[in-house]
Amino acid sequence: MSGNPNSCSSESPIPGTSLFDGRAAAKGYQLNAMCFSFNDARNRQAFLDDETGYCDRFALTAEQRAAVESRNVLGLIAAGGNIYYLAKLAGIFGLNVQDIGAQQTGMSVEAFKQMLLDQACSKQQEN
Amino acid sequence: MGGAIFRQSQQEPYWKPFFDGLPPVRDWLAETRPDVAVCFYNDHGLNFFLNKMPTFAVGAAAAYHNADEGWGLPVFKSFEGHPELSWHVIEQLVGDEFDITTCQSILVDHALSIPFELAYPDADAWPVKLVPIAINTVQFPLPSPKRCLALGRSVHRALQSWRGDERIVVIGTGGLSHQLDGERAGFINPDYDRFCMDNLAANPEALVKDTARDVVRLAGAQGVEILNWIAARGALGEAMTETHRN
Amino acid sequence: MGGAIFRQSQQEPYWKPFFDGLPPVRDWLAETRPDVAVCFYNDHGLNFFLNKMPTFAVGAAAAYHNADEGWGLPVFKSFEGHPELSWHVIEQLVGDEFDITTCQSILVDHALSIPFELAYPDADAWPVKLVPIAINTVQFPLPSPKRCLALGRSVHRALQSWRGDERIVVIGTGGLSHQLDGERAGFINPDYDRFCMDNLAANPEALVKDTARDVVRLAGAQGVEILNWIAARGALGEAMTETHRN
Amino acid sequence: MSGNPNSCSSESPIPGTSLFDGRAAAKGYQLNAMCFSFNDARNRQAFLDDETGYCDRFALTAEQRAAVESRNVLGLIAAGGNIYYLAKLAGIFGLNVQDIGAQQTGMSVEAFKQMLLDQACSKQQEN
């Protein structure tokens, strides 16, 4: 992006960001398949009724199981979860966008919300 | 043919001022009264799964329904389709060597529906028929911004050669810079957003020098939803006037 | 990397002499012992339906299974996949602006399986891993022959840059001229078939001057399965020697 | 195709051939959906057990129903059927490739087979 001062066109890692590529997609297939199933309310209920049994059905790996059990979003991503599908699992856990943002950044929810507002305000001022 | 591009990010509290920007969009729609909406969007895990993940998918259904997405949203109103226009667009795209997936049945998600809710807040039924075009923003490799602009331009050629007399509105959806996942969750980049807004209308070429990976770096992991806007911009053709920005 | 292209049409009685042509193919495979097969084919209504019909689909699964196709065929052996090579091919294709659908789960049909049955008649398990690439021959608009050759050439670039030391065979499947449906059912065109066989190796450009519609006219409604061969030819690169024809 | 004497690059209709395009795909969607369901043996049995009820389930049009009832392949194609999916319905009816070829061309099965052999032989001779 030539017009932007932040431009940095390279293949170097992007801090705090893991791209969901083929490697992640292969690793996370079963986890994401389970999350995709949660579009159906009956499946959400089946998961709530018997979390372990439901994970068995989708043959989750040990790493994926541990991340599900601990409700750990970074762990779910490391295990191949994709945020568009994980959002449905987070919904079951009662976690909204701010909650998962706070969890991943290690902030309190209040601090995370304030961080969002600060960025937005700095944007408003500059406009 | 007119153009309306707007965004959907009301879940983040810092976007509250955004809602004040809607009345001009509504006024513009009330004035131009489009009959059909060609809408570029990305599916959020409602219709497409990783078993069959298209780079570009074009709907060709008689009707499009929303459905339970798993995290408590209401189910939004259905859309009437415009299969003839969809197939006309599909013929152009494949003729122009876009390797699309055609969808005669497709559930459309909140990311497509909410912009219509915002634009037509009092509608009992949508006043426009829908031609939905989905872009993969979920799984790398994503199509490049350049490819998405070219996709939109091919759609523009299709709209130009369409013989019906419908008024057609082109809609882009999705957020500008934002990121939900990873240690960088909450990241936004107002500089990049402004760069996009400054160039999208008059100089879209400036936005397509970046790779999709560059866009993630600059705009956040979900900032790649800008691909929808870029494609929508292409579908508006060369000449375009910005009538409103918020 | 070698090339083997062969056809599957044993349902038609006039193809009996064809089976005599298989031993040289088997000998060639026994000699070159490929580890991976990149196979271009078209799905016959087993995996893809009109709700989501991709122009080009690339498999990226760890395993591929056949299944009941509804008209009495045996269920064929499963294949082991090569996901790393699949994703390497996918990265190249999207980088080269092919808008493929990626499939992490995909049932492969008889049209893909039977050539392997013919090539490896005594195998308890397939001696090759599979990277399947499906081309839409079902629903117009089809990709043009020119686009399919370009697709194959992009796959070739991927195979060239692959760092593994596997021996990779490229396989095209499907019939040459034939037609099952309509008043012209039973149509074949030996002149066109000979034209294809004469040019596929040395001058594939000659085959891609036709539109997909031209191919239907010349080769019959299902003769468009030649698109698989054209793509396979592209995947073999520029230099190629014809070692066997039947 | 410049090298071929039969070449005729035009948009004129192709005799005895209907392209399965968007118009046909839209018209035939329910019929093809029913045929696609026949990949599952249970669905084939359900059709055999109650043909009318099964057609109801897929909301076939009157034209599609009539073509199904009469086992008429040209009628099924005219009603939007696609041969790749119709093949599964033909299988239920016990019709093989030669049978449906004969039916569509108005030949006896024997005559149709002979026509195929004649074409193949003329090819062999020329080779």
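Which chain is which? They are A, B, C and D, in the order written, and residues in each are numbered from 1.
We adopt the following convention: a residue touches a chain if its C-beta (ideal position, glycine included) is under 8 Å from a C-beta of that chain, and two chains touch if they have at least 3 such contacts.
Molecules present, by chain and UniProt name: A, D = Protocatechuate 4,5-dioxygenase subunit alpha; B, C = Class III extradiol dioxygenase family protein.
Not measured: the values here are computed from a predicted model.
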If you tally C-beta contacts across C-D and across A-C, the winner is C-D
Rounded to the nearest Å, the gap separating the Cα centres of chain A and chain D is 47
Chain-centre distance (mean CA atoms) for chain C and chain D, in whole Å, is 23
For the pair chain A and chain C, the C-alpha centroid-to-centroid distance in angstrom is 38
Whole-Å distance, C-alpha centre of chain B to that of chain C, is 35
Listed in rising order, chain B residues that touch 2 or more other chains are 50, 90-91, 102, 104-105, 139, 141
By the touch definition above, chain A meets two or more other chains at residues 21-22, 25, 29
Among line, ring, star, complete and other, the chain contact graph is other
Chain-chain contacts, ordered by label, are A-B, A-C, B-C, B-D, C-D
Given the complex, residues on chain B that touch chain C span 48, 50-57, 90-91, 94-95, 97-106, 139, 141-144, 147, 150-151
Chain C partner, complex, touching residues on chain A are 21-23, 25-26, 29
Per the touch rule, the chain C residues reaching chain A in their complex are 60, 62, 83, 86-87, 90-91, 102, 104-105
Interface with chain C, chain D side, in the complex: residues 1-9, 11, 14-22, 25, 29, 32-33, 35-36, 38-41, 44, 73-74, 77, 82-88, 90-92, 96-97, 100-101, 104-106, 112-113, 115-117, 119-124, 126-127
Within their complex, chain B touches chain A through residues 11-15, 17, 43-46, 49-50, 67-72, 138-141, 179-195, 199, 206-207, 209-211, 213-214, 216-218, 220-222
